[in-house]
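Below are structures written as structure tokens.
Next come two complexes built around chain A: one with chain B, the other with chain C.
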Partner chain A sequence: MIQDIALGLLISGVAVEGTSRLIVDIAMYFGLFVIVAMALNFQYGNAGIPNMGCAVQVIVGGFTVSALTTRLIFSIVKSSGVELMPWADDFDWVYNNPANVAMTNTYIADKPMFGVSMLLFSLAVALILGAVIGWIIALPAIRLRATYLMIVLITMADASQIFGRNVPAISGGTLGVFIPDIFKWYQGDRTILTAIIALLIGLVSFFIFRTMLNSPYGRLMRSIRENEITVGSVGKNVVGIRRNILMFASGITALSGTLLAFYFSYVVEANYQRAFWTYWPWLMLILGGPGNNAGTFLGCALVVAMRRVIIVNKWFLQAVFFFPIAYFESILLGVLLIVVIMFRPNGLIPEKLLYIPGVNYRKLVDEEAVVDWRGAPKARGASSGISGIFRTLGGRKEADD
Partner chain B sequence: MDWDTILFWVMIAIWVIMPAFIVYEEIRERRALAESEASTEEIEAVNE
Partner chain C sequence: MLIPAIWIAALVFASELTLLSIGFTLTYLTAKVPNFAHGTYAGVGIYVSYTFAKILHMSPYIGFPLAFVLGGIFSVIIYKLVIGVLQSLGGGAIVLTISTLAIQIFLTGFIQIYAYYLRARFNTYAMAFLLKQDDFSVGDFPGIFIVSLSLTALSVVSLHFMLTRTKIGVAMRATAEDPELASVLGININNVQLFSWFLTGGMACLAGAMIPMWFMSTPQSGAAIITSIMAGSLLGGFESVYGAVIGGAIVGISEIMLTTWGQAILGPWVGEWRPIVPMIFLVAVLLIEPEGLEGAWNRFKASERGEKLLKSVGLMKAEA
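Presenting the complex of A and B:
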């Protein structure tokens, strides 16, 4: 396999075919999962918000493209004189969609600026709607304790998928909808462009999260994670801060859903399953190490590469296993989560201490509280403690006091 | 070379640069943390 990848790198003149295709696929999914996992790290690793509803935010990004951008593109194309088929009601929206998308693609083919502007529009709207959905999620759930918050968010992730499945106007229901190829002006393979954009957004997200985590706000987040009651007692609005964190991270997460839609040029709710967009990012986070961006990257790289290689080599692996290979990924997810949590709970790269200039944080953390208990027996009386109880029961007089 | 090939290598470059930069940042932060601890301990030792 490694030789194949190396060969693919060397003979990449054949563009995106064979092993090069696999490399582009791994790069794309790496970029997408890095965005989701870093946002999750921002929420859970640094602020202690166990967001089990990442799939909600990703699906919002996908629905932004299918429900808003596609309609906007159709409207613009129609207003410029192209005779598109009707798309107003649900039936037309789903069944006229392929023909409309084909005509729209022809229109975009010689208008690169239009395609790029639609990409930027989609990303901006996904960011805003992701933040809005983060706020909506936060309304009933953010005051809850970790366990209940997780349950509510899992439920919301399922609910969002059910909405997509049953409301055709959003993403064509179970059939899904094609979306216009905004990279149609590019003569080559658009998936390389989307992979580059995903990786670049992942890099920019890293800078944004790093800056926020190294700021006083990042220290406030960590203090909430460690002890929210203490933070609340010094006058900080813990609920408000947690809500802001959830909104911001939701906005960033939604970008990956948008990019996935453009990668496939197709949106269907089944592409945004809870297991795929919530549990795998959690595994990446836990495997790499929560509270640590380098660990998140490492976890992403390992898990994405492993998954794609398994998917590509399923036929070969089937000969080895006694159970249907379709279950192998799910089994692997569960086994890896259990193994990592049991043997490496801090991940491969444990979280480092905060770097605050002029403050020796390690000393603060490691400092042993030396308390002088020599006066304690007098204050507590001779009957305190186990030995004191025996002394009292035995009626012995204290000689050492 | 066609555009696909050029972009493919641009993608590989970004893919390599991104983790390399993050590892570099991580090492730099850990080093700064260690230096800060060492200097604080030195100052405290002098004061004592």
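Presenting the complex of A and C:
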């Protein structure tokens, strides 16, 4: 199995099939969803922003590839002398698309640098556009109650799909567009490479989020989640911080849509449904435990594996049910969400306290930090600063015992 | 015809949306939950009508009382099993909202399965249908035009009298204002909540039962209409039943008429963009006046009394 995947990654012509293909598929979707769910954890779990519009940002990532990267690749390829068919108006854009993509693929076949640079270009543009979308969706509702934000974000996810469906210039309307295979130069299995890239981006964003959480900014986020009025009263710009968090997380979420487009080599708005890219990440987040990256990873792995196994085995399961299995999936999603919210509101892995260098935060939270200087031992060498206070408290506790 | 067909469509849709918006607002007032599953109750109503018309071969209007009761029962079950339990566990607004979303997904799945079952069992077009031919007509008007307008007017008037004159209505308002104080005064909050959920669910299901009489319906129609409901409720002020009446009517009429006028002026492609109209309302209300018509009206009243004269000088000048 592992050998199959490794061989498929390295050598051309090795068929990755059966269970190996399922593993690659699960890895790819795990990479994609872990990016979305982690960004969601960053927003909801740590800053308390209920972003119900992940689908908007993911779709922006997909549209970046179909509308911008594809056009850029076409114009570069055309300027280097390949006779592409016209793609200027909507009709040509959709109907000449397969021929153009085929010609472009042969052009990319011997230019690895071109392919890689186009991947990086798409990721960078998706990051920026995602952040812009985050700013736009924050505009009407971020000052208001959380419920308003949820309502606006859910409707915006629908609106973005309507745009994709009715503006063929973006992603070919209902037909969708193929996008050039930027890994054509690579001899091994393209999908395995995409899966690895998705997992790598997930890992990198994990470290970015972790670093941000353990910085003073992370404490600020959690304090906004706990009590925004207090944070506002000590002079922090709550609305601005919320908007920044939403923008940053939106940018990261958009990367996932970009990778999905490259995985399929095809973009259509129906691939970016609201249920798929908003509700399932929320289930992962709540199942794993909000405010906790390890929990997000666990929830993501469980849910993605379950879904992919159901989808792959749907012909066997179909014999059991009299109705299409897709309907069962939505019932499963709804029931799981309610059951998790009711019986495990803190998720499988509960939230951890933040790491603050030099401070025993757990002690500060768990024990009642009563500062009674009369009972404290007198001579303490360095009883200045916060570490001195804790040493003093520790000493007092020993005396009590 | 006295009224053009498109205006009949607009008025029918507006009256359905008014019923739905009132229910959404009432739920928000009493339970403090924006109930995303509210549109899906309408989906249940749609299939009650369908079952009566196509499976039992009766007039769909016979099914309306059943739709009301069924929607109420669904709503009460949801309150008893999910929302009430979560509230007693201390779930916040966000958790409750997510749970209503989950209910919406769940219920939509069930409606889809039911529709699929009807199609497989009875070989009917249960996945996308219209019940116009099962309607009766009074003179030039289709029956649904009269029924929907009169039912909505009746509901609004009786709701007004219930909220202002009857004991349970006053208890509902008191619970909406301050649940703890209401319970101190001897109001059984649990019963009030149950009554309110039954009423809203029933009204939503009744409105849903009217939808396929004029509009194309699918299993997802109920879930799709929630944007319009929320736009209507938000335009009305989100916390005002009377605002929801006006807001639902405005959003309903403009959703159809703006699309029609747009199609006449700009071209047929505008029809595809109809779902955008309530979203524009939502965003515009949040940007311009987050408290909706209710807030605007309150400000207007306050300025007339001269209490907040300085704050609303512009308004005063416009009036004078």
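The rule is simple: the second predicted complex is superposed on the first by the 338 of 401 C-alpha atoms of A that agree within 3 Å, B and C clash if a C-alpha of one lies under 4 Å from a C-alpha of the other, contacts with A are read in each partner's own complex, and residues count from 1 in each chain.
Throughout what follows, a residue touches a chain if its C-beta (ideal position, glycine included) is under 8 Å from a C-beta of that chain, and two chains touch if they have at least 3 such contacts.
Here the structure is a predicted model, which means the values were calculated and not measured.
Visitor: Just checking: does A:G188 make contact with chain B only, chain C only, both, or neither of them? Give me first, second, both or neither.
Guide: After superposing on A, A:G188 lies in contact with chain B but is clear of chain C.
Visitor: Does chain B (first) or chain C (second) touch A:I341, or do both, or does neither?
Guide: Second partner only, chain C.
Visitor: Which partner does A:L220 reach: the first (chain B), the second (chain C), both, or neither?
Guide: neither
Visitor: Tell me which partner A:M150 touches in the superposition: chain B (first), chain C (second), both or neither.
Guide: second
Visitor: Figure out whether A:I196 sits in contact with chain B (first) or chain C (second), or with both, or with neither.
Guide: So A:I196 only meets chain B here.
Visitor: By the touch definition at the top of the document, which applies to A:I325: first (chain B), second (chain C), both, or neither?
Guide: So A:I325 meets neither chain B nor chain C here.
Visitor: With both complexes overlaid on chain A, does A:A27 touch chain B (first), chain C (second), both or neither?
Guide: first
Visitor: Scan A:F206 for contacts with chain B and chain C and give back first, second, both or neither.
Guide: first
Visitor: For chain A, give the residues common to its interface with chain B and its interface with chain C.
Guide: none
Visitor: What does chain C use to touch chain A in their complex?
Guide: Against chain A, chain C makes touches at 34, 36, 82, 85-86, 89, 91, 93-95, 97-99, 101-110, 112-113, 116-117, 120, 227, 230, 234, 269, 272-273, 275-276, 278-279, 282-283, 286-287, 290.
Visitor: Report the residues of chain A in contact with chain C in the complex, numbered from low to high.
Guide: Of all residues in chain A, those touching chain C are 44, 48, 50, 52, 139-141, 144-148, 150-152, 154-156, 158-159, 162, 165-166, 275, 279, 282, 286, 322-324, 327-331, 333-335, 337-338, 341-342, 345.
Visitor: Sort out for me which residues of chain B touch chain A in the complex.
Guide: Contact set of chain B toward chain A: 1-5, 7-12, 14-15, 18-19, 21-23, 25-26, 29-30, 32-33, 36-37, 40-41, 44.
Visitor: Using the touch definition from the top, list the residues of chain A that touch chain B in their complex.
Guide: These residues of chain A touch chain B: 9, 12-13, 15-16, 20, 23-24, 27, 30, 186-189, 192-193, 195-196, 199-200, 202-203, 206, 210, 292-294, 297-298, 301, 349, 352-353, 355, 357-363.
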